[in-house]
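Shared chain: subunit A. Partners: subunit B in the first complex, subunit C in the second.
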Partner chain A sequence: MKTQFVALRTPIIAMVVALTITAVLLLLAGADVFAAFGVLLTGALTTPSRIADMLMLLAPLLLCAVGLTMSFAAGQYNLGIEGQITVGGVAAMWFLRGYQDGAPVILYWIGAVLCGMLMGALWALLVALLKRYMRVSEIFAGLGFNFVALGLALYLVFGPWKRPGVASMSGTEPLADALWLPTVTGTRLTLVTPILAIMMLAIVWRLIRHTHWGLQVRACGLSALASVRMGVPATRRTLEAMALCGACAGMAGALQVIGVYHALVPNVASGIGLMGLLVALLVRADIRWVAAVALFFAVITSGSIQLPLTLSIDSSISGVLQGLIVLAIIVARARRGEEAA
Partner chain B sequence: MHVSIQQLNKSFGPVSANQNITIAFAAGQIHGILGENGAGKSTLMKLLSGVYKPDSGQIFINGNAVTLGTPRLAVQIGIGMVGQDPLDVPVFSVLENIACGMQMPNDADIRQQIIHWSTTLGFPLSPDQRMRDLTVGQRQQVEIVRLLIAGSHVLILDEPTTGITAAQVEALFTALKTIVTTGKTVLFVTHKLDEIAVLCDTVTVLRAGQIVGTQMAMPISKETMLTAMFGEFLNHPNAGAKSIPTDAPRWQLKDTMLHDATFVLGPFNLSLPKGMIIGLAGLEGSGQRIFMQHLAGTFYPDRGQVHFNGQPLTRANPLVAWLPADRLHEGIIGAMSLSEHVLLMRDSLLAANQNATEKAAQLIADYAIKATPDMPLQQLSGGNQQRAMLALIPESAQGILLEHPTRGLDTVSAMAIWQRLQVRRDNGATVLFFSADLSEVMQYSDAVLVFFGGQVSRLLARDTLSEEVLAALIGGVGFAEVSA
Partner chain C sequence: MNWTQLLTDIAAIIAVSAPLIIATMGIYLSERAGVINLSVDGSMLLAGMTGFAVAYTTNSVVLGFVAAALVGGLIAALIAYLGVSLRISQTAIGFVLALLCTDLSSFLGNPYVQQTGPAVPAWSIPGLATIPVLGQLLFRHDAVIYLSLVLVPLIAWWMMRTRAGLIVRGLGERPDALFARGIDVIRWRYVMVIIGGVLIGLAGVAYTLDLKQGWTYRHIAGTGWIALAIVIFGAWRPWRILLGCYFFAALQTMASRLQDNTWQIPTQVLQVAPFVVMILVLAVVNSLGAPELQRWINRLPLPVRRMIRFLASPAPAALGQPFIQQ
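Let's turn to the complex of A and B:
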């Protein structure tokens, strides 16, 4: 009981500090603090369509956060996640462009998702290989590859895959209607993405916490030297964990193309990977808290959209709050002398 | 400048690193500070250079009590330290490195002083060279020049000859002799007896945090210095040492040369037999660690080959267990429990269908570890962590390599650990260990390898040795006759 309380004390204090600073900022902006927090926390939950919008953010966010938890467990800070989402979207689009009217749609969906996962995994593997064999920090390599992935998407949208006649940032020619994932009536939400996200959460949960493979991955993340000494194949485990993270991100990218944008848009990642990084930083390698934290972030991000409409406050306050929470937790951990991840 | 210390004490937790240190250093001389690994040399120098604050006691400069506080303050008062690893900014030039710590730098003036001191001391330095293009020895020269320009009257050098070339050592010694002729004081920290003999005017020996020989005027015989470093020699009963078998060896090294970033060992030929405990004796940093890392297969030799059971040793042989001294960094995973460690190593530890928690509980009972199977190992005391690491050596291990197996452990724990290792030896494993404690080497080894001056001795049966002979060999006296 006592240890549980100690474990919870840090996040609670950090949360209070972050909320207080946010409240001060809101006060300085002349806003009604309690009303603003109210909208942040409940704005996403007031109508079915708003709940649907929140779930549309939550599902890919959860996929990315689950993947990142895997890479963090292996001690890898996979900042290349945005690029891995993007190439996942590109690969899915590439596969779907081969669709002919009347072909079995379900096979194209499965194929597109698998292509996205494969491409995301390869993109992450590139970063991991650079780290292992060229001693390039995975943080910088990942950030670099993000720009390469964005460049690739831009090239395709404005070049070979552009709409006939017009090339525009709004994306490639939309997919055939038959290829759009079915949505819940009256909303833009497809249930496929949340279901797959929960599936990936269950798989990664089991892998990390209940398999020998996961034990070895965590050992590499905690101490590469000691795990090598004890015979753990550290290089392989690290590469596998990174590839799995890339596959989760690639799946998210593919599903954004099939289920949300119905085309390849350059900004297919749209910051979801970065928000996933915040979630992963908060939970560190502890998969048990990923879903709850991702849900919280999705709720306040979606809720913040109501702020300009109801209270004339800019919606960026949700990002401020998220950033402050993560910062406060990291400071609290550093003060307790724990390692960063 | 006259530096004296009175009744200085410094502890780290329960460990007393310096006890009642009282000493005075006369100006215009080179004072050697000698002692084994962990004797308290570095702590004393860090107290003098303001890195640490003393728990009690006083430091006097020219008779006035001073509080040094920070390295910056120490340098202002006139005490400067050249660390084991020179700290500098690699992309800066020599001039920029020297100027960046000064309060009112005047580039032209500093440039002139760099040229002045380099010429005086015979250092081949130019103000515009980039630090990253310099060797470790040259960076050390920059550091000395920097401290002199900053006005240091007392220069402290901590193990300055590690990792620099013989020519640079000679240049350094000449320079230090020049520096003291200007009335400055040099404190030279080392564990190398030869360096004390050729360089120093006096020598002060530390052992276990205390001064055991104060300001002995050179020349002094190596034997006297060794007696001071290691204490009175105990004569252990020689019973129980196994004679050296001649059947197929466990490890075989033929015409082998090993190296790491700063050290070369060999070439030499050695056969290490089965079923023996072999102690590695030698002053700190004489190559024992890289020797073990090569036997463990984590490094490959420059020349020649390391064979284990007649086969060339490949990376991570499961039959060789290596137990590093830095337990929490290289040995075990602090955040994981003994059960999790058992699971990690299940291929070599667990029988089919054996439960990891049961196995961990069994190891805890067998090795008298104060822990539960699910407790993270970082919560255990050092002695219990060491027992856990020993418990995790697979039964199948035929080669066991240990760094400081009982350092920091109480006598009972140490004896318990040796009992386990003797059982392993009796089952045919070859156990190698190194320890700073000569009496431990004498007490538990069946045979000894001595490391000196980049060379290894042949395998010496313990029955042919006494602590006196061993201490002399460590200092190089009579080493040539036993070299491998």
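Let's turn to the complex of A and C:
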């Protein structure tokens, strides 16, 4: 009982600190603090269509966070996740452009998602190979490839895949109506997206916690040198974990194209990967907490959209709150001596 | 392209790269001391927003610059406390702070969006500005751009020719050796990271009060990551970093020129170039440092070896490593 309390005390103090700073910021902006927190927490849950929108944010976020939990378990900071989402979207769009009227739509959906996963995995593998064989830090390589992926998407949107007539940031020519994922009546929710996200969560959960493969990946993350001495093929496991993370991100990108934007837009990643990194930093390779934290982040992010409308407060406060929570928890762990660099 | 056009373009490149030079020098100072400040993008946004807000409210450009320097310095002090004293992963805190400060700048900067505020006044240096060619290129700008022109020579001299500079280079390479000689590694790292942060803050406000005047949502997002890439491209050497800044600014100018014509390439595509170059440089430099290749390189004649060593100057050895006092 007592040890449980001690284990919980640090995150609770950290949460209180983060919430207090957020409250002070809201006060500075001249807002009603309690009303603002109320909107943040419940704004996404008031109507069915808002819940649907929240789920459509949660699904790709969960996919990214699940993938990143995998790569964190292997000890890799996959900052290239945004780029992996983007190329996933590009690959899906590439596949769907081959669609002719009357062709079996379901095959095109499956093909597009698989293409997205493959491309995302390759993009992540590129970073992992650069790190392993040319000692390029995965952090800078990942960041660099984010911009390269964005450049690729921009090139396609403004160049070969541009709308006939005028090219614009709003994206390529929309997909044929038949290719849009069906939505639940009256909302923007496509059921397939959250189902796939939960499926990936289950797969990665099983892999990390209940297989020999997962044990080896976690061993590489704790100490690559020690795991090599123990006969673990560390290079292979690290590359596999990164590729799996890229595949999750690529799937998210493909689903954004088929289910949300119905076209390739340059900003297909729209910061979801970065939010996924925050989730992953918070749970630290512990897959059990990923879904809960991702749900919390999705709720306050979607809820914050109501802030400018109801209280005329800028919606960025949700990002501030998320950042503060992650920072406070990291600091709290360090002060307790849990987390050395 | 005619002669006057070329002169105007080069003068524009020198002007446009000023904030980048200031930011990269800040990153350079901090990384040479062994600490990665990954928050640059967010720091620049928050400092730029604060600087603009303060200058807008007080109608004083100078106060705006002071406020921005303070913000940059404070964020850097936080990074130093968390990364150097508490020894938390510098990557993790830098990344979180980059996102946090970006959102903070959007939230706090909301009332100042699209306002017209004061700006740094243009100031031709009397006498020098009338020199043909050189005058137009270098001496018809404003204080921020003059700062960018003197900053690199000053820092390069300080780093390579003074005792303090030697200590800072030691911080990034062999902090334990410095400690053995009685130097307070932790305190020196704090000082260097904070000075670096001040420069990063000034770079942010150099945009909002000078080169991209005003404030909008995520006004200059992305430039911080570009600055981080240019420092790597410049292999942690001041003159090469300067070259990287001008190279990048030239690419941007070229991109907007091409856009005017029928090329239809968006500026963003050419903006990718520095990142590709950064990755290539990192790959080449780091693999040249590998022992297998080193043995092969050692058999080459001396001039070739010198050239390779110049091209492949590696990152500071202790970059990102926490210092644990024995």
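Convention: the second predicted complex is superposed on the first by the 333 of 341 C-alpha atoms of A that agree within 3 Å, B and C clash if a C-alpha of one lies under 4 Å from a C-alpha of the other, contacts with A are read in each partner's own complex, and residues count from 1 in each chain.
Keep this in mind: a contact is a pair of C-beta atoms (placed from the backbone, for glycine too) under 8 Å apart; a residue touches a chain by one contact, two chains touch by 3 or more.
This one's a predicted model, so the numbers in the text were calculated from it and none came from an experiment.
Peer 1: On subunit A, do subunit B and subunit C fit together or clash when superposed?
Peer 2: With subunit A aligned, subunit B runs into subunit C, so clash.
Peer 1: For A:L143, using the defined touch cut-off, is the partner it touches subunit B, subunit C, both, or neither? Pick first, second, both or neither.
Peer 2: Only subunit C is touched by A:L143; subunit B is not.
Peer 1: Quick check on the superposed pair: does A:L130 touch subunit B, subunit C, both, or neither? Answer first, second, both or neither.
Peer 2: second
Peer 1: If you count the residues of subunit A that each partner touches, which comes out higher, subunit B or subunit C?
Peer 2: Of subunit B and subunit C, C contacts more residues of subunit A.
Peer 1: Of the two partner chains, subunit B (first) and subunit C (second), which one does A:G319 touch, if any: first, second, both, or neither?
Peer 2: It touches subunit C, and subunit B stays clear.
Peer 1: Which holds for A:I51: it touches subunit B only (first), subunit C only (second), both, or neither?
Peer 2: A:I51 contacts neither subunit B nor subunit C.
Peer 1: Give the one stretch of subunit B, out of 93-101, 111-119, 147-155 or 255-263, that collides with subunit C after superposing.
Peer 2: It is 93-101.
Peer 1: Jot down the residues of subunit A that show up as touching in both complexes, subunit B in one and subunit C in the other.
Peer 2: None.
Peer 1: Quick one: in the complex, what on subunit A touches subunit C?
Peer 2: Checking each residue of subunit A against subunit C gives 25, 28-29, 77, 79, 130, 133-137, 139-141, 143-145, 147-148, 150-151, 154-155, 158-159, 167, 266, 274, 277-278, 281, 314, 316-320, 322-324, 326-327, 330-331, 334-335, 339-341.
Peer 1: Under the stated contact criterion, what part of subunit C meets subunit A in this complex?
Peer 2: Result: residues 38, 82-83, 86-93, 95-97, 99-100, 102-104, 106-108, 110, 225, 228-229, 232, 264-266, 268-269, 271-272, 275-276, 278-279, 282-283, 286-287, 289-290, 321-322 of subunit C touch subunit A.
Peer 1: Using the touch definition up top, name the residues of subunit A that touch subunit B in the complex.
Peer 2: Checking each residue of subunit A against subunit B gives 212, 215-216, 218-219, 222-223, 225-232.
Peer 1: Using the touch definition up top, name the residues of subunit B that touch subunit A in the complex.
Peer 2: Listed in rising order, the residues are 316, 318, 322, 324, 329-336, 340-341, 343-348, 392.
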